[in-house]
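You will see chain A twice below: alongside chain B first, and alongside chain C after that.
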Partner chain A sequence: MKYAYYPGCSLESGSAAYDVSVRAVSAALGIELEELDDWNCCGATEYFTQHELVANSVIARNLALCRKDQQQLVAPCAACYLNLKKTDHLMAEHPEMRRRVNEALAAGGLHYDPGRVRVRHLLDLIYTDIGEAALRAKAVRSLKGLRVAPYYGCQVVRPLNGFDNPEYPMKMDEMFTWLGAEVVDYPVKAHCCGGHMTQITEDAAFELIRRLLDSAVEYEADLILCMCPMCQLNLDAYQARVSSHFNKNFQMPIIFFTQLLGVALGLDFEQVGIGKEIVAAGPIIQARLAAQTAGATA
Partner chain B sequence: MVTDTHSGHRSDFFREVIADTPGGEQLVHCLQCGSCGGSCPNGADMQYTPRAIFAMINANRRAEVLSANTMWCCVSCYFCTTRCPQQIPITEIMYALKRRAIAEGYAKDTDAPALAKTFTGFVEDYGRSFEFGLASRYYFFNKPLSMFKLVPMGLSMLSRGRMHLRPNRIRQVDQLRAIINKAREIGGTP
Partner chain C sequence: MAERVGVYVCHCGSNIAGKVDVEEVAKWAGEHIDGVVVARDYKFMCSDLGQKIVEDDIKKEGLTRVVVAACSPHLHEKTFRRACANGGLNPYLLEMTNIREHCSWVHKDPAQATIKAKALVSAAAERVKYQEPLEPMFVDVNPTTLVVGGGIAGLQATLELADAGYPVVLVERLPSIGGHMAQFDKTFPTLDCSACILTPKMSEVGQHENVRLVTYAELEEVSGSVGNFKVKIRQKARKVDYDLCTGCGVCIEKCPRKVIDNEFEAGMGTRKAIYMPFPQAVPRVPVLDTESCIWFERQRCGACQKLCPTDAIKFDQEDEIIELNVGNIILATGWKPFDCTKMPQYGYGRLANVYTSMEFERLCNAAGPTNGKIVLRDGQTVPRSVAIVHCVGSRDLNHNAYCSSVCCMASLKMAHLVMEKTGAEVHSFYIDMRTNQKDYEEFYQRLLQEGVKFVRGKVSEVTDAARAPHEAGKTIVQCEDTLTGRQQRYPVDMVILMGALEPQADAREMGLKCGISCSMAGFYTERHPKLDPVATMTDGIFVAGACQGPKDIPASVVQGAAAAARVQGMITKGKVMIEPVVAKIDEEHCSGCRICNNMCPYNAIEFDATRGVSHVITALCKGCGTCVSACPANVISGAHFSNRQIFAEIKGALWDALGAEETPVSAEMSAP
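Entry: the complex of A and B
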């Protein structure tokens, strides 16, 4: 299976563990990813705040760069995924937008017809195109005993998602159940992490982060699985400051779902970037996997 | 009886907001139910919830709407959009209000426009965003006193190879700039 790959800027630096694990897991599952040549930043939410047409034109350049044989574009980052999908959708729905975006693209010698490229999220791709049977067959390590809290965040499941429920998504839950993990059914799995508010109004963002961490702790999760770089950054890198802000002692490891999926597929921690997170996830995964073996021999 | 859903009967500002927002025509169907504010993770921090803002837009209270903090509390989580029984693209309307507020000088009490401008400035220089540059430039010019709080986090990120000190650059940055400049020149909102 061949797909064009749009890593997005975060996966090049702050969320390198996501990129490394996406590539490693894809290789292990026979998913062929070809990085989109010379892709540019999707602008996250920051162009939409300033100029609607610039926002959509910047995003559309990436869609236009897809070759004729690149009909599916995979974006693991939530903001990139939504933006690519949103521009395609807006161009399809509004002829005037389509005309204006193409007028802008023409200044760079490009053109895009909406609907030509299908934007996919990696979770959908693994869940749907690989599927349960193949995933079970390729999983060499059971995640039995590990309590995981799948965290979907906002922009993959809302508002344009066609593969999961926008209020109560289940695809990651199901996937990790297949792999033997104990999946925590906590109520905030599609709530907001605060997004860029950590850089604007800290207090507002810290409260949202606290709600997520508190809930995961209450449901006795060993770790939280993310599918968005911003969520991972807010929950992981700001965790110590959120702890001191609320006088708590959070020690909740936050990793990307592809990292744990890689472990189940038999990859080493290093191959999937475990160790790059600030609150270490390695020890608890190691301990739970070791307890299985101890249980088996006892 | 004919129900008034035609924007012709609405205030000037109402029509302006509709014109600024793709799919904004749906706003005529607002029932004032309040699902939006009730769904919002930051609703409690808003001076006016989206429901109230829509009533104020209808009442042509332009300056009050554009100087409100409502849209600056929006983090684009899309819960309101998903839950709105009338399919109003509420998050997109919040973006439209942000754009108007910035363009007309109403956005004074928030650092969000500075963050947005710094972010997209790097995109226009390199074609990619640049986290280290963004954090240092944005905090230096907007929140210098908060910089010291970020040092431990920055060092943790740096020591794990998660912070690059130099930006990545795309090959055809000129092409991207030509597209951006053309989009600015065309201007307006669809």
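Entry: the complex of A and C
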């Protein structure tokens, strides 16, 4: 299976662990990712609020860069994924926008017809295209005993992008159940991580982060699984400050779902970037896996 | 002799004339179409004066054919056929062409619309010249009526007809008649007991000399047509002999297998493997559920069979097919509740104290699993605060766009019952309050007085994720109060979801069996939404109750009675007209290949083995034309739809594309 790959800026910097694990897991599952040549910024959330035409043109350039033989584009970052989908959708629905975006693209010798490229999130791809049977067959390490809290955030599952229920997503829950993990059905898995609020009003952002961490703790999760660089950053990098802000002592590891998936597929921690996070996830995973083998030999 | 054609173009006020230049169309027709001797436009052709013009012209101008360019023939073909008959012309020498729905209403450019109207008039005028006089046929109406569905709408229809002295067969899918109304505790806005007003009707139906009650049965097949339907009903095996059973209930008492009752008790209570759904069930004959019965699991037990005093338990009983002849059919197949797990953000199935409205009805019902005590799932805690969430799956583009129409009132009723029985605080979350029937708004006022706290807003989430100490252990309803513009959280003990009323899962399938269609939402389509609300496009098939759209008890009763009145009209008249638009086989040239026999969707073609030819049973033929095109020898003709008529129509429609001498088809092809 061949796909064009759009890493986005986060995966080249703060969320390098996501990039590493996406590539490693894909290779292990036989998903061939070919990085898009000369890709550019997805515009994040800012461009859209400033100038719709510029935002759509910037994003459409990435879609236009896909070759004829690249019909599907994988974008692991939630914001990239949403933006690419959004532009494709807007160009399909609004002929005038389509015309103007293509006028802009023509300056660079490019053209894009909406619908030509199908934008995929890796969660959907692995869940749907690889599927339960193949994933179970390829998993060499059971995650038994590990209590995971899948965290979906907002951008990937909201209505436009729907491969999952936007109000109460379940695909990541199901996937890690296949792999033997104990998935906690905590009620805030699609709630807000605070997004960029950390830059604007810490009080509001910290409260949102606290709710997520509190709920995961209440449900006795060992770690939280993310699929968005922003979510992972907020929950992990701000955890210590949220702790002191609320006089708590959170020690909740936050990693990307691909990292733990890689562990199940038999990859080393280093190969999937475990250790790059601030609240260390390695020890608890190690401990749970060790408990399994101890249980098996005992 | 050349035909003398009259063309009449209707303005329909501004409906047609606002877009189509009707005067120009009439003038053009008079000048350009061969045989048109009179061409007029008129404000309202369907008015008495409009009809009179047609009648007078037939007499004075000696018209032999008439074309009316106006609205859909569904609306006024009968009107103009009658006008022709009054003028002394065979009504089938009229052709109506639709320049409203097919032209003025759907086009924007007046010039283009006028060109299209000319083409339609031209097509009709060319066709009408080849139409032939036809005589309608009359058949007797079988006075027996089939009512499908024993809910309140079906019961009402059944009783109206039976009391008027006509035989009725009532078929019900479940073991007892009564429908959803039997599950309810109280009814709005009067708060009278649902069972108290329903069960007298049920027992009346059960004992009525004119009613044949067939419960635990499904309508399987319908053939024939108005006045003379043939129906097949599958009587599912009860495993209990209907005639031997006395309804003593020993079998139920002694049955050791208890299962959750997902049907009548909405999962809130239990029943035995052999059961009657509720104490007042009609008929009082139990049903054995083979899926939970120990005997059918491992051939042991058999307690019911051993202890039955009349040997009525028959483990080997099989499904039976009952064949009946009926004149009319009333579908009153009802509704099913929305599956609330489709909105996981409301937590149904995940959070213990979130209930569906049907669950609450059973919880509140004195004959229900808790004897009417409103308690949480733990079976003992009385809720001190209750939230009622409106529009769950209704008025929601992700699920059903329509308003379910009964939930506002039902939620008011529930709020009253909760407060009366528990004294709990009630919050009612609504989008709009819709209380627009007699005495409904007054009931709303009463509940305002009683102190229900109404919150205007669509609930975004029901969760157990507490954010503050006072929320701990509660079920929290998150909602934007749109009157104050604030996000609010309401920690409560119990949440009731007012799920939508949806069409039955097999509504479309049942519709197909009877030859009627469904709306996009899946409710049966009535013949006319305002003027013919219980008839359908298929003669002899009527609809009543919530299968036609969400409705409450009073509205269902009205429709049940209305459908019965329509059927009575048919029976009293005694005869029904059959359109003479039927197929005819030229028996002299029929080779007896029988290809048409199997092609006919109405089983209207019979093979006469002695003469080796097929012939059409005209009473059953719908004139669909399938056999006409299927006949390899080209010896079947369809009255009113002959090849010559159709080709002339095509030629007329293409008047501006064809030269005067050109014909679109070869001469042989235009033979009948």
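The definition used in the following text is that the second predicted complex is superposed on the first by the 297 of 298 C-alpha atoms of A that agree within 3 Å, B and C clash if a C-alpha of one lies under 4 Å from a C-alpha of the other, contacts with A are read in each partner's own complex, and residues count from 1 in each chain.
Operating definition for what follows: contacts are C-beta pairs under 8 Å (C-beta built on N, C-alpha and C of every residue); 3 or more make two chains touch, one makes a residue touch a chain.
Remember, predicted model here, so these are calculated numbers, not experimental data.
Novice: What is the contact status of A:N249 with respect to chain B (first) and chain C (second): first, second, both, or neither?
Specialist: neither
Novice: Does chain B (first) or chain C (second) touch A:Q199, or do both, or does neither?
Specialist: Only chain B is touched by A:Q199; chain C is not.
Novice: Per the contact definition in the header, classify A:D185: touching chain B only (first), chain C only (second), both, or neither.
Specialist: After superposing on A, A:D185 lies in contact with chain C but is clear of chain B.
Novice: Report for A:S215: first if it touches chain B alone, second if chain C alone, otherwise both or neither.
Specialist: So A:S215 only meets chain C here.
Novice: Does chain C touch more residues of chain A than chain B does, or is it the other way round?
Specialist: The partner with more contacted residues on chain A is B.
Novice: After the superposition on A, what does A:E167 contact: first (chain B), second (chain C), both or neither?
Specialist: A:E167 contacts both chain B and chain C.
Novice: Check chain A for residues that touch chain B in one structure and chain C in the other, and list them.
Specialist: Of chain A, residues 159, 167 contact chain B in one complex and chain C in the other.
Novice: If you look only at chain B, which of its residues touch chain A in the complex?
Specialist: Residues 20, 22-23, 41-42, 45, 72-73, 75-79, 81-82, 91, 95-96, 98-99, 102, 110-113, 115-117, 119-120, 123, 127-132, 135, 138, 146, 149, 152-153, 156-157, 160-164, 168, 170-172, 175-176, 178-184, 186-190 of chain B touch chain A in their complex.
Novice: Along chain A, where are the residues that touch chain C in the complex?
Specialist: Contacts found on chain A: 159, 165, 167-168, 185-188, 211, 215.
Novice: Of all residues in chain C, which touch chain A in the complex?
Specialist: 343-345, 347, 350, 398, 461, 463-465, 467
Novice: Which residues of chain A touch chain B in their complex?
Specialist: Residues 9-10, 12-16, 38-41, 43-54, 56-58, 61, 90, 93-94, 96-97, 100-101, 103-110, 154-155, 158-159, 166-167, 191-192, 194-197, 199-202, 204, 208, 237-238, 240-241, 275-278 of chain A touch chain B in their complex.
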